[in-house]
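Let me give you the structure first, and then I'll get to my questions.
For clarity, chains are labelled A, B, C and D in written order, and residue numbers in each chain start from 1.
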């Protein structure tokens, strides 16, 4: 839920998807859904609607509430809609990659919104270009659109059944034709996608917090390998692949998703609290107070406090008014980047032995700044607790991790990391502790960023 | 720290002030200071600087980070600066009331930024108009400027000594001339104003969180009845009134100020925790979990939890992406206003006996919506605890409370309020408990909104 | 009618005024009137309306059609309105000088829009400041407002009768109270102001082209020294000064006004044609074609052509798409400034002996660039004819002329100017020829910029 | 050169193309070129540059000077560039059709800008979709890109030689690869495209006025059926089709192009003057004055005046401040649409027998409003002269004419048109007179809109 990225060493690129079938205010409902999913991407947003056989759309760089003012929503009539929020790389031409993508092809009109990453995208693009395809974006979705366009199958569903198995990687997808809404999850189930019902309307959403906002009932999740087709015949389900070992992204629990969402069958906040409890069991600390790096570390902090009996308090105050236009800080300030977002409450910190809980460490540079800020606030000692295992490998499934050598834990021992961060003690959650916390009954999650076991063939 | 006001029943209009003397990046420092004070007013912001004998300025409707982009800040050279953030009434002409006000008058150039309200402003305006003054804004500051302009005293300080006693009401003020920075607090000390030092620069700020951000040391507060004059002779102090009984706004502790600020000598977060503890002593509850209305109720919730032993948890998730452009919600949703800002975490609430801690109740309409949201989330029972006494009287010192008859507690018994809100139990903090929590050794605070004892002659 | 000022050596600052009494769409009518007067000022525009005893207003930097979008006009109900378009100096604080100015003072609410310049403004400001007035703008209008506020007269009209004689300088004014519309011209009649009637509504406008657009009938002009009061008693007239020798700005004919306006009793285009004819009589040329510097020189060119028998043709094509955002031209181009606005039609120019007619020469730098552009287009010879006399003195009545030493003709002989401009022959219109062309029956016009005879006491 | 389209019955959609090879400021030069071509399309504009093997681009709705502010141009380094200005249909999704289109395909990266219309686009799209192509825009250019992508030829040039003959219709094209700039005109030569040279740089531009602005020398035009390839080997030419009868759009002379451009070998202004002379020969009038509908009718008016001996004068004044945001005019005004753009100069018109020259009549609605405006200005009689033949057929080559039945002259006799327009006499130029004026030595021009002889197989 970052809005400022300049000094962040957190992951990004967990896009948000939303779709509505059979609602007279489909675009407005999608607007609300995207608003609830804003934390999954603040770079651009788009909505497409089906209206009288046409697929209308509007997409732009910026936040959902800035883009979709009333007069824009009024240009999007129709009772089927899909929407997308996106985080991604910058650059003058970046807009062209905003989603949904809307095309004309042999079977008519089609819109698509995608969360994930095709690891064989480059190969597929090369093959498609050999056969005459042209690419106007760098979006993986365009690859799937070309596969569908090149398929000789008579209808879209059969083309999907033929095309999806060619893709290696992570994808939750929402597609729209003039009369259908389609939801898809890859066979590993990397990214979430939930199904909701609101009176006679069906909803698809990346997280259940979006269903809550529009007061839809959470029916169930789209299953890995499942295509859910919603049209005048109601909701029908197909499988496009034989069952595989699931590999749901465990970082959705640790960082990406909103605490109020239910994900992969469990509540995110609850999982984070369990993770915090487990962390306290694995790495107890002799301390006066537990504080968190807000907002992502708060739930785990509460769990740590509960298990350890050390009281939780607010030691760092977050300023939420940071927007895209914050100007470059003055050179005269040390550690300035972190200070515009976080301010220490000295009264809570001074002279105290603190446990600081953060959700993860990627490069380590922001952690170092936060720790320095706390040091300068007069804490007696810092016991740094991280509610995830050391990140040692880059993600290849759509999360924008830096290359492996830039990951703090890639090649360093615990002692080296402790020295680098200059803390009195350091404790990362263990992989087994994490899996226990999320209640894994055996291998339902992808933990590649911790252990390098990439579930797909690479 | 509200960013959306459409459905809020909270107070507003606690403007933010910031001033810098003797810093080569005075405007940039002021930008940072205003950014830290953004929670005190999101309607407009302005900065004025002293440069080569001229007072430059720029002010506009909007958030600080949106207004003061780099190219704007670059048009504001100079090593003295003052800034203002403002919350106020809407309307096409509202901009003209943005501050600082910058004028030419008999003694040269003068800029002013004001937090508070003159209760005899209308009388003063009438008298001044009789003598030929014209008013271009509805700002109280303009009244003071006219008093200063009409004073026959030879210099600004003497004119202030003559004019300030004519004003009845609340005011913290920062003034700037081409070579001076001046800070003033009214004799009652209603609104805060702190003095900081950063190397060879002096800083004035409404709250210490702004001093922290620019890494200034907090020297002391401007005292009630004090004029602090900062110029090439350093910082000098004058009193313009004999001591009065202080009447610091106790709502600064309850709601307006940032938890990380130190105010009237104490840390806000700490005071709020004590308030929560006192609330738990006065109104214990048989419950499973303490939850708060974020963000303003969190500190008191922690205090309540600590004192009561009932665990604190996050039951309502706040969406911080709400901006000025959020479009009108769909009519199909009940209680929608509150839902775009707060989403319940069902898992925490379902079947639980909850203590809900909020900082205050004004009209009661938002509270009712939040309580309804919680009821619909399946809580077993709600024990509503309010970390301030019942608000029974309108504020006349600059806080935008509704007229008395619209205050929920103005004419209702506790039982009527409990029934209206439909809660299982209701507990407001007592006035004595509040005063005890803030460590009042006797009558340092204004509690007029609770007891009707307005400290000024009215 | 310039929209780009970077390379212009033309005059500026001929503001546009418009007012409406008794029309249900007063603001929209004013919008149209200001649109027609846009050529008189492109820096900012504002409209104020009288609605239920209040004076509403909206003003902003920019063009009329950019500022007054529908949703803004909808915030300006009321059946009396005044509006202003303004050209003036730049700077971050410049907005504060946008008009109309709207104030509260002893007699209630008052709005004012001004075209002109008070030459004793500084003295008046000093005196007013001595008496306690404060100034929030650098606008001359504010001086008059203070005079009115300080007047002890019982009503506005009497206060005007007392105050206006104190002012030395040029002013056409429109004032509005909640129930009156007032038009005023100074005793010399420097700037124009016309009265129109549209059914039951009265209109005031700087030029008749604005009356035409709203289909109002041109009744007559406000006379020098006249106050026209329009209210429920209809239109009433007062004189505030004994008759003086009129001194209408002759440059309104030469450059400022639109050709389709009738000004000081005559049509501007027609006057310009007569000027061109006179110029041809005074400075005949042996040439193949008459071309003009568009758009201001066209009318005079037609007159020159008619009188001389030399055919008129289009030799310079003007690009009207230049807006405020045109980026700085590349350094690689010579004479670039003029080229983005004017492109030669080679076919018309090549090998021809041309007469080039321009309306005036101020600094001479733009003329030199245009002449160089024509030389490079292969003309055989250039006979430069200027449809005004040499400008030798700065204007002190509101026209933004440079200081005298920067005027090309201030201290140079005709021969020096001809050499500087590098033309084959040079002819300026004589002062007597100009006066003859405008039909002056003796001293109705100000010609101070040509002969230094300033009509006011200076 | 329209900027307001609400009440216009003129043609549109004559896009502007510009390209640069080998200039360090390629994007800035393209910006200037597009600025000069702004009259050919005000809907959107785009620039793409080749930089280090990548094709960067930026495109947006709006005017060139509004889109390409300095910070945007700075994101477009590179020494090859192409640009496009576009006029087209509105709608929320219209942006996606902005050009240049930039793609990746089998041969690498390619950018394209197009002026014209493929009349077999629908057939080609259907065939391409059958073969698996997807379409993201409604632009004809995308059809060509797919043809190129599907071609098995080893390089782009050979693919063009194979693909272009498949296209039936009008097209001037500029293509860019990372190392080449390519210009193409269709075999009929419908739309113009000129080649310029600026030191060591080559330029391509729709009209020579753009070459003039950047001070490039006009080398020659791209010929019909010619592919001009500009790369490190210099400029090389290929023909992709055997010679056909040329069919250059004669309306480029009548209306689209700027008077200062040289087109199809002749100066536009000069041609228009000849047209006006011919019109005077064919349809003399007994009148006092010749006036024109500005700006497009001015050149022909001068020709009419010269031939007839009737003096030319300015009877209609055009307001150039109309922008995209002009609000809907008040319902109370008759004929309002035309009035915001044109104001009569009564003095020139009153009691006069006038010849009104306009360039063409499409639907006739605007002409009728202008004529009514003139009638209300008190003219004695109107002799309407049209400097083109009656438009009886819709254009299928890229000009946005209405369907045939909406063309005033499609099914009406001269007498019916005269009655409809309510003029004293009416004269259209004859087709033979038009061809004579443009110096056609036999069939070099398309006159389909007049005679229905469409040069392509349809």
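In this section, contacts are C-beta pairs under 8 Å (C-beta built on N, C-alpha and C of every residue); 3 or more make two chains touch, one makes a residue touch a chain.
In this text, all values refer to a predicted model and were calculated from it rather than measured experimentally.
Undergrad: Going by the average position of its CA atoms, which chain sits the greatest distance from chain D?
TA: Most remote chain from chain D, centroid-wise, comes out as B.
Undergrad: Averaged over CA atoms, how far is the centre of chain B from the centre of chain C? Could you give it in whole Å?
TA: One centre to the other, that is 48 Å.
Undergrad: Centre to centre, by mean C-alpha position, how many angstrom separate chain A and chain B?
TA: That pair's centroid distance is 36 Å.
Undergrad: List the centre-to-centre spacing of chain A and chain C in whole Å, with centres computed as mean CA coordinates.
TA: It comes to 60 Å between the two C-alpha centres.
Undergrad: Tell me, which residues of chain C touch at least two other chains?
TA: Chain C, residues with two or more chain partners: not present.
Undergrad: Let me know each pair of chains that touch one another.
TA: A-B, A-D, B-C, C-D
Undergrad: Taking the complex as given, what residues does chain A use to touch chain B?
TA: On the chain A side, the touching residues are 1, 3, 25, 28-29, 31-32, 35-36, 38-39, 63-66, 68-70, 73, 209, 212-215, 258-260, 262, 267, 269-270, 273, 298-299, 302, 306, 311-314, 317, 319-323, 325-330, 332-333, 339-340, 343-348.
Undergrad: Across the complex, what residues on chain D touch chain A?
TA: Against chain A, chain D makes touches at 56-58, 72, 75-76, 91-93, 96, 101-106, 125, 129-136, 145-146, 149-151.
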